[in-house]
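First subunit A sits with subunit B, and in the next complex the same chain sits with subunit C.
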Partner chain A sequence: MALRDVKPTRSELISLKRRIALSERGYKLLKMKRDGLILEFFKILGQAKNTRSELDTRYEKAVERMAVANTIEGAIGVKSAAFSVNEVPNIELTSKNIMGVVVPEIKASKVKKGIMDRGYGVLGTTSIIDDTASSFEDLVDAIIKSAEIETTMKKLLEEIESTKRRVNALEYKVIPELTEARDFIKMRLDEMEREELFRLKKIKARTSV
Partner chain B sequence: MEIAVIGNSEFILGFRLAGIRQTYTFESDDALVSTINGILSDPNVGILVMNSKDMERVPRRLQNILEDSVKPTVIALGGEEGGLSIRERIKRSVGVDLWK
Partner chain C sequence: MTEVRSGLAPYIYVCTRMRVRKAKLLPKEEYLRMLQMTLPEITRFIEETEYKKEIDENAQFFEGIDLFEIGLSWNLAKEYQKILEITPGSLKQFTKAYLRRWDIQNVLNILRGKLQGMKAGKIKEVLIPAGGLDRLMLDRLISEDSPERVIEALKKTRMYPVLQKEFQGAIEKGSFSKVENELYKSMYAEILSDAEGGIKGGNDFISFLRLDIDIINIKNLFRIRADGFEEDVRDMMIPGGSFTPDELQTLNSLPTHDEFIDTLRGKLNRHPILEAQEQLRNIHSIREAESELTRIQLSEMERMSKMHPFSIHPILVYLEKKKYEVFNLRALARGKESGLSPERIREFLVI
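Let's turn to the complex of A and B:
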């Protein structure tokens, strides 16, 4: 709001004062929200780091096992075992609320399976297939966990960014401009009052002569 | 909801062993892009798993979409990628590099 758009009237002053009070209240609230979100973010950050590193190690392990299985069983053997697996891991998305941010909560149903539940024959395959399958099941578990945490992180970060922007806009743009306008109106009103007084005195001096 | 996996045949084979049905391979980069688009529009996929090497082959624009996507959540395996994108975001929104 440029200063020349401000009309130096009393009602304008009152409404400006109201707006300043409102902005300051909002600013305080948003600042608290931002701090709360960052606190929440720090909680998640530790978990995210852990799950990430666990995910990486599990992935490496799974790839290694896969290579071994491929070497021992041959690609066809592994493939045939893979195609006979019929237990599908199902995931369920529910949402929870962290300070107004809706984050998903992912629940998985039965990723880990026993040897008998995998679908391929126990006799026809070697134990290396079982090892590979179980390490990949571990991996999928880790993926599900880290998917939840990373999504939460993403959402929190987004919210932090927008809240921060709002806080800064209020602190450095909205509130200073409003107070500047208020001071301008105050000054103008005082000035007008002085002018009026002076005018009255002049008139009085002229009439009394 | 299900988990979807995109990658070369070796990559997806392991996930098939773990029981994941929605596995896709691709021959060319174009095919990769169209597969990804198909998965993004599938409401039944909750998590998309990719290899970070394949992630690099995706055009930059789509990569950004994937990184921002919440449903499905995209997880890149292997390499630094998964950590890196989040790291960048943390730097941007908090202002400090906290990922270390």
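Let's turn to the complex of A and C:
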């Protein structure tokens, strides 16, 4: 807000004071929101670290099991068992609200299956196929959990970033400019009052002479 | 199954040929040497053996380790077909019966592939024509439009009644696990009933079948117990072995591993599995139990083939050992490709 555009009137001063009060209240609230979001973010960060390391462990285990399955059963045996899988996991996507941030909530069913539900029979396969299938089911489970937590984290980060920008804008731009405008109007009004007083004194002096 | 009487000479001839072929299989020392080789060295070594022909034949369709594996599997299939050609009379019938499991595997792969809408080439990659259904028949089945037509094309086979009965349920459930189990169960039931029908050498084949059934059932009990499946397991067990399905169900419901091993021991009388009781008690993984049971089965088959030198046993021992030679070579190549240590690969070799 350029000072030359400011009209030095009382009504403008009142309006500016109101805007300053509103901005300061908004600034405080946004600062609290930012701090709250940062706290939430650190909570989620801890979970995200755990789920990511769990995901890495499960991925390594699944890859290792696949290598062993290929070694024991051959790619033909593994592909043949994979042909039996007909059912894909059900993913249900809902949302929840963390301090105004809408984050996803992912619920999955039919990820972990029992020996009889995987589509292959026990009489034509060996236990390494069970182990490999189970490892990959665990991996899918970890991916789903990780997806929920990491998306939440990403959304929180975006919100923290935008809140931080708003807080900074209020702190370093909006409030100082409004305060400057208020001070300018105050100064101009005082100036005008003094001029008026001086003019009155001059008039009084002339009339008394 | 009809009996073919042609005297003892062809039996002696074929059993001797099997012994010669068995002697040509790679010895344990070769595997130990190969464990220390790199993948290119293993490939070169295999290229100098009888597997070269099949690897070269498939070189235009596959590459890398896939080519290696397909070559090994096709060699196994060809070898089995050759054995079928040279075995006489009832031995041929028993050998054919033994190879029926490959037909089940191939038919199930075709049905599952068709149901998933896979291309013919992809389905063909997982077929090993080592059973009674030859390449031409398998190609015909792949070219059928739908799973229903595949089943219709199998009308003249012994799999047809089970497929016809169970297929609709499998489609509704979206799972072929029951069909697979039922096919294997009916295969064993039919083979047992054929062998018990008074065919010459039938008793020898029955003794192999009983051992095979026991080993499969016990392996699966280990697997099912590890999975924590507490429901009725009778449907997943093959009748005809040392245990009835009810006894196997009781074994599965035992709470601890020690109780399971003790009850198993109590029920087995002079059974080869008894030799490995303590190893089975102290196993750390199901894989270890499976390996131990496979080792027991092979050594028992070897013992039976020595006790009955001119029976089905020498043929079965050769077929099994040939299968494990292919599995071992594949394990070496795949293990090396995956970067597994020689010690780890050694655990997966049947030597």
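Simple rule for what comes next: the second predicted complex is superposed on the first by the 209 of 209 C-alpha atoms of A that agree within 3 Å, B and C clash if a C-alpha of one lies under 4 Å from a C-alpha of the other, contacts with A are read in each partner's own complex, and residues count from 1 in each chain.
Just so it is clear, a residue touches a chain if its C-beta (ideal position, glycine included) is under 8 Å from a C-beta of that chain, and two chains touch if they have at least 3 such contacts.
None of the values given here were measured: they were computed from a predicted structure.
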item: Which of subunit B and subunit C A:Met153 touches, first, second, both or neither; value: first
item: Partner chain(s) touched by A:Ile20 [first = subunit B, second = subunit C, both, neither]; value: neither
item: First (subunit B), second (subunit C), both or neither touched by A:Met99; value: neither
item: Partner chain(s) touched by A:Gly74 [first = subunit B, second = subunit C, both, neither]; value: second
item: Touching partner for A:Lys164 - first (subunit B), second (subunit C), both, neither; value: first
item: Broader residue contact with subunit A after superposition on the shared chain, subunit B or subunit C; value: B
item: Subunit B versus subunit C as contact partner of A:Val6, first or second or both or neither; value: neither
item: Which of subunit B and subunit C A:Ile175 touches, first, second, both or neither; value: neither
item: First, second, both or neither for A:Phe83, with subunit B first and subunit C second; value: both
item: Footprint overlap on subunit A, comparing subunit B with subunit C; value: 70, 79, 83, 86-87, 118
item: For the subunit C and subunit A complex, residues of the former touching the latter; value: 65-66, 69-70, 73, 101, 104-105, 108-109, 112-113, 115-116, 118, 125-126, 128, 174-181, 184-185, 216, 219-220, 222-224, 226-227, 229, 236, 238, 286-287, 290, 327, 330-331, 334-335, 337-340, 345, 348
item: Interface residues, subunit A side, partner subunit C - complex; value: 67-68, 70-72, 74-76, 79-80, 83-84, 86-87, 114-124, 126-128, 130-131
item: Contacting residues of subunit B [partner subunit A, same complex]; value: 1-3, 10, 13-21, 46-47, 49, 68, 70-71, 73, 75, 77-78, 82-83, 86, 89-90, 92-94, 98-99
item: Interfacial residue positions of subunit A with respect to subunit B in the complex; value: 38, 41, 45, 48-49, 52, 55-56, 59-60, 62-63, 66, 70, 78-79, 81-83, 85-93, 104, 106, 111, 113, 118, 129, 132-133, 136-137, 139-140, 143-144, 146-148, 150-151, 153-155, 157-158, 160-161, 164
